[in-house]
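Sending over a structure as C-alpha cells; questions will come in a sec.
For reference, chains read A, B, C, D and E in written order, and residue numbers begin at 1 within each chain.
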Amino acid sequence: MSLVLDVMLALAVIGVAGWTLLVRGNFPAVIGFVAYGLLLALVWVRLGAVDVALTEAALGAGATGVLLLFAVVRLRGGKAEIDAATPSPPQRVAAAILCGVVGLGLAVAMLNLPDPAPSLAAEATRHLPLLGVGNPITGVLMAYRGLDTLLEAVVLVFAVLAIWSMAPDRRWGAIPGPLFPVQSSGPLSLLARVLPPIGIVVGIHIAWVGADAPGGKFQGGTILAAMGILAWVAGLWRLPPVASRGLRWAVVAGPLVFIGVGLLGFVIADGFLSYPPGFAKPLILLIEAAMTLSVAAAIVLMVAGPPERPA
Amino acid sequence: MAEALLLAAGLIFLAALAGLYRALRGPGAADRMMAAQLLCSGGIAALLLLAAATGLAGVVDVALVLALLGAFASVAFVLAARGLGQR
Amino acid sequence: MEATPGGFLLVLMLVVPVTGLLLGFALGGRLAERMALWLLPPGLAMAAVLVAGLLHAKAPVVAFVGGWAPPLGLALRADGLAAAMLLTTALIIAAIALFARADYTTAPGAPEARAPLAFWCFLLALWAALNAAFLGGDLFNLFVALEMLTFGALALACLDGKATQFKAELRYLLFALIGSVLYLLGTVLLYGAYGTLDILLLAEAARADAPTIVAASLMTVGLLGKMALFPLHLWLPAAHAGAPPAASALLSGLVVKASYVLLLRLWFWVMPAALLLAVAPILALLGAAAILFGSLVALRQARLKLLVAYSTVAQIGYLFLMFPLVAGSAAEVAERAWTGGALQAISHAFAKAAMFLAAGVIARALGHDRIAELQGAARIAPLSVLAFGLAGLSLMGIPPSGGFSAKWLLLQAALDSGQWWWALVIVAGGLLTGGYVFRVLSAAMQGRSAPIFPLAPVDAAQERVALGLAVISVLLGLLPLGAFGLVLIGR
Amino acid sequence: MNLFLTLFSGAAITAGVAFFIAGTVALLRFPDPLSRLHALTKADSLGLGLIVLGLLPWAGGWLAALKLILVWLLVLLAGATATQMIAEHIRRSEPPP
Amino acid sequence: MIFGVTGAALVALGLYGLVTQPALLRKILAFNLLGGGVFLLFGVVARRGAVADPVPQALVITGLVVAFAATALALVLVLRLFQITGAATIAEDKTPP
C-alpha cells in the first residue's frame, strides 16, 4: 500500500512540475507551483522528514506562492518580446539533451551510492542530552551547524536590504509594497480578523515546540508572516515605512541575539556558539524566540517588496 | 488498521489528483483555484490519516499549517485574479 | 586535524563585519558609513595578525565552531592560500571604502539616502561573505557563503538603479543561481557517498566512483559558471562593466576569486588524484581559450569599462593554467605552479580593482568612456591614467610586477614539466594584453594641446586610491619569492 | 467498546472518503463553475469533518483532539470565505447570459 | 529510491525550464521547481540509513530559506526592470546603446 502511495505521489509531483513549466499563462503556472509545493510537503512526510514538510508547506508552497502571485499581477510582458527570446527548436533540443544527461547522471549517481549508507544520525542523537533539546534537527541547526544557521539568518537581512535598495531614490523612506483598500466587510475582512489570532497562536506553537518536536523558527516565523500579510492585504494593517527604526531592529534582532549568544560562548563556554552545560536549552530558546520575530518580519518585507508609496 | 487508514489516504489523494485535472483544463481561473483548494483539503485529509496510520510526531502540525496557509493562499489567489481582471 | 589556538580570530573575521552590517542597517544614515569605516582598521589588523601567525607557525589555523568537530560540526580553516586571500580582501575593501567616501557620503544631519546606506552595508556584507568563502571548511557552509556573496554583489552592482544594470545583473543572477544549484547537487551526492561535507575528511575518503565523478562534474560546471570561465563568461562583461566603479572593482577583483579558491579546494583537496589528472588539461584548455578569446575581444572594445571587463575574462583564464602544471608534476615544479597561480589571483585582484577605479574616475571626468575619445584624459586625471598603466603592466606580466612574477612562475613550471604549449599561451596572452592596455594609454595621452574641461571635478583622493592599488600590484613583484611561501602552507 | 469505536471510525472515514470522491466527480462533471463550486466545498468540508470525527477517538489526549478539530474549523473557515470570494470573482468576470 | 529518481527527474525538468523559458517570471518558477528536486535528493540521502539522518534534513531547511530569499530578490529585479523598460525577458537588445 505505501509503495503504491509513493509511486502515485512521485508521478503526481513530476506531472505537476511538467505542467507548471509548459502551461500557457502565468497565473495557472503559479497555481501549479503551489500544488507542486503541497505535493512535495506530502513527499517529505512520506520520507519521515516532518520538519522539512513543515518548512516546505509554509515557505516553499505558501510564502513563495504568494510572492510569485503578486509578481504575476504586476508583470504583464509583451508578446513579441517573449517570442524574440524564445529559443529556437534546435537550441531547445540541445537544452533538453543536456538536461536529460544531467538528470540521468544524477539518477545513476543516486542509485550507486554506497551501502550501507554513511550517516551522522547516531552521532547527532548522541550529543542531544548535552543540549537539552529533543529534536535532532534543532540540534544540528542550533549547535552542530549553528554557523550555517547564523549565516542563513544574515542572508535574510541581506535580502531585505537588497530588495529595498532596488527602489527608486525618491521613494527611500517610504512604505513598502502596493496599497490595498481597507476591507470593512465581506469574506476577506472576516478572514483577516478571525484567522490571524489563531495563526499567531499556531505560529508561536510551531516555533516553540521546535526544540523537542518538528517545528522551529523558520516554520513558525513564516506562519506569523503569513498572518501579517493577510492583515496587510485586507487593509487592516499598515506596514511601517522603511525609515522606521523599529522595523529595522525587528529584522536584525534575531541575528544580533544569535551573535550575542555566540560571543557569550567565548566567556562562559568553550568558544563561539558553544553553550555551557545546563544552559544550552534556555539559550537556544532565546535565539529561537528572537529569530522567529526576525524571520517573520523579513518574510513580510520580502513579499511586500521595495518601498513605493509615501509615508 | 494502519493499512486501512493508508488505503483511505490513498483514495482521497487520488480523488484530489483527479480534481487537479480540472486545473489542467481550466477554463477559468476560478476552476483552477477550486482544484487547488480541493488538493489542499484532500492533502490535509490524507495527512491526518497518515498521522494516525504511522504515529509520526508532528504530521498533524503539517496539516494544521496547510489548513492555515491554504485559507491564506485562496485569498491571495482571488485577490490576484481580481487584480488581473481589473487591468 | 585538531582545533588550533588562535581559532577565535577566524570566527571574529566573520562575526565582526556581520555585526557591523546588522548595526549599520538598524542605525541607518550616517552611522552605517561610520560603522564601515570604523571596522576597517580592526579588520585589516585581524588579517595581518593571521598572516603573521601563519608565517610564524608554518601551519594552518583551525577553529571548530561551537566546539563541535567535523563531521558533525563545522570547521573554519585558514591555510596559507586562505590567509593570503583574506589579507588581499581586507586591503582591497579598505581601499574601496576610501575611494567610495567621495561618492556615498551622508552629510551630518542630512536625511538617510538609499545608495549610501546600501553601499556601506553591502560593503561589510561582501567582506563577511568573502571571509566566509575563504575560511569555510565545509562544502555546505561554503554554499551559504557563496549565496551571501551573490546577493551582496548583486545589490552593489544595481546601486545606480539603471535599467541596463537590472538586465545585466538578472543575467548574472540566473547564471549564479544555476551555478549554486549544480554545486548543491554535488554536495548532496558527496554527503550521500561519504557522510560528511568537511573538505579534509572528504579528502581522506574520496574514491573515483560514479557518485563522486558526477558530483565533481556538477560542482565544477557550477563554479565555472559563477566565475565566468570561457565559454560560461557571457554574463560577466555587462554585469561588471555596468556596475558603479567601486562595485566593479570588488566584483572583478575579489568576488570571482571566491569560487576559484573553492574550485582549488575541490580538486586539489577533495578529489582523488586520478580524476584530477584527467580533468586538469580540460580546465587549462578552457583557460587558454579564455585568455586568447577574452584578450582579442577586449582589443576590439569601444568602451573602456567593457574592455576592462573582457580583460577579466582573459585574466581568469590564467588561473586555470596551473591545474595541469600542479597535478602530476614533481614537487618543486608543482610548488612553483601553485605559487604562480595564487600570485596571479592576488595580483590580478589588486590590478583589476585599480583599473576599474581608474576607469571610473576617467569616465566620470570625461562624461563618457569611449576609448576613441579619451584625448586629454591624461591631463585631467593624470594619476588615474598612471594607475591604469601600472595595473596594465602587472596584467601584461612586465617585470617588475606581481603579474610578472605570477606569469614567470607559471611559464617556468610549464617548461619544466615539458608542457611548453601553455607557455606559448602565456606569452601570447601577455602580448595581447599589451595591445589593449597600450590602446587605452595612447588614446588617453593624446590631445596635449587642445583645451579640455572635465565634466565633473576629479577627486584627488579617489585617484590616489586607484594609484595605491596599482602600486601594490606592481610591488608584489619586488617581494622576494620566499615571501610567497605563505601560500604553500597547508597545501 | 473498542469494537464499537472501531466500527464508528470506519464508518465515518469511509463516508468521508466517499464525500471526497463525490466532490471530485462534481468538479469534473458539473457544467458551470458556480455549481461546481457549490458541490465541491460542501463535499470537502463535510468529508474532512467526517474523517476528523472518525480519527477523534484515536487522537490520544485532548490537546491532540483539539488540534484535529482546529484543523477542521480552519478548513471550514477557509472554504467558506474563499468560496464566497471565488463566487464573487466568477460573477464579476463572467456575467450571466 | 522512487523519490531519488523523482528528484533527478525534477532537476532535469527544472533545468530545462530555466534554460529554455523566455519570460523571466517563468525562469524563476523553473528555478523553484529545480530547487524542489535538489532538496528531494537531500531527503532521499537522509532516508537511506536505518535511522533518518537529521543532518541533510537540516541542510534542506537552510537551503529552502536561501532559495526563498533568492526568489524574492530575483522577482524584485524583474519587477523593477519591467517598471522601467516594460521588458519581461533578458533578451539581448537589438540596438546596442
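The working rule: a residue touches a chain if its C-beta (ideal position, glycine included) is under 8 Å from a C-beta of that chain, and two chains touch if they have at least 3 such contacts.
No experiment lies behind these values; they were computed from the predicted model shown.
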item: Chain C reached from chain A - shortest hop count over touching chains; value: 1
item: Chains touching both chain B and chain D, listed by label; value: A
item: Higher-contact pair (C-beta pairs counted), A-B versus A-E; value: A-E
item: Chain whose mean Cα position lies farthest from chain C; value: D
item: Centroid spacing, where centroids are CA-atom means, of chain C and chain E in whole angstrom; value: 26
item: Computed distance of Cα centres, chain E from chain D, in Å; value: 33
item: Whole-Å gap between the CA centroids of chain B and chain C; value: 48
item: Residue list for chain C, restricted to those that touch at least two other chains; value: 72, 140, 144, 147, 151, 154, 158, 161, 166, 185, 189, 192
item: Junction residues of chain A, two or more chains touched; value: 46, 48, 51, 72, 76, 102, 106, 110, 113, 117-120, 124, 144-145, 148, 152, 155, 158-159, 162, 166, 188, 191, 195, 198, 202
item: Multi-chain contact residues (two or more partners), chain B; value: 29, 33, 35, 61, 64, 68, 71, 75, 77, 81
item: All pairs of touching chains, each written as two labels joined by a dash; value: A-B, A-C, A-D, A-E, B-D, C-E
item: Chain C partner contacts - residues on chain A that touch it in the complex; value: 102, 105-106, 108-110, 112-114, 117-120, 123-124, 127, 143-148, 151-152, 154-155, 157-159, 161-162, 164-169, 172-173, 243, 245, 248-249, 251-252, 255-256, 259, 262-263, 265-266, 269-275
item: Interface residues, chain A side, partner chain D - complex; value: 186-188, 190-191, 194-195, 198, 202
item: Residue numbers on chain B that touch chain D, as the complex places them; value: 1, 4-5, 8, 11-12, 15-16, 18-19, 21-22, 28-31, 33-35, 37-38, 41-42, 44-45, 48-49, 52, 60-61, 63-64, 67-68, 70-71, 74-75, 77-78, 81-82, 85
item: Chain B-facing residues of chain D, complex; value: 6, 10, 13-14, 16-17, 20-21, 23-24, 27-28, 33, 36-37, 40-41, 44-45, 47-48, 51-52, 55, 58, 64, 67-68, 70-71, 74-75, 77-79, 81-82, 85-86, 88-90, 92-94
item: Residue numbers on chain D that touch chain A, as the complex places them; value: 70, 74, 77-78, 80-82, 84-85
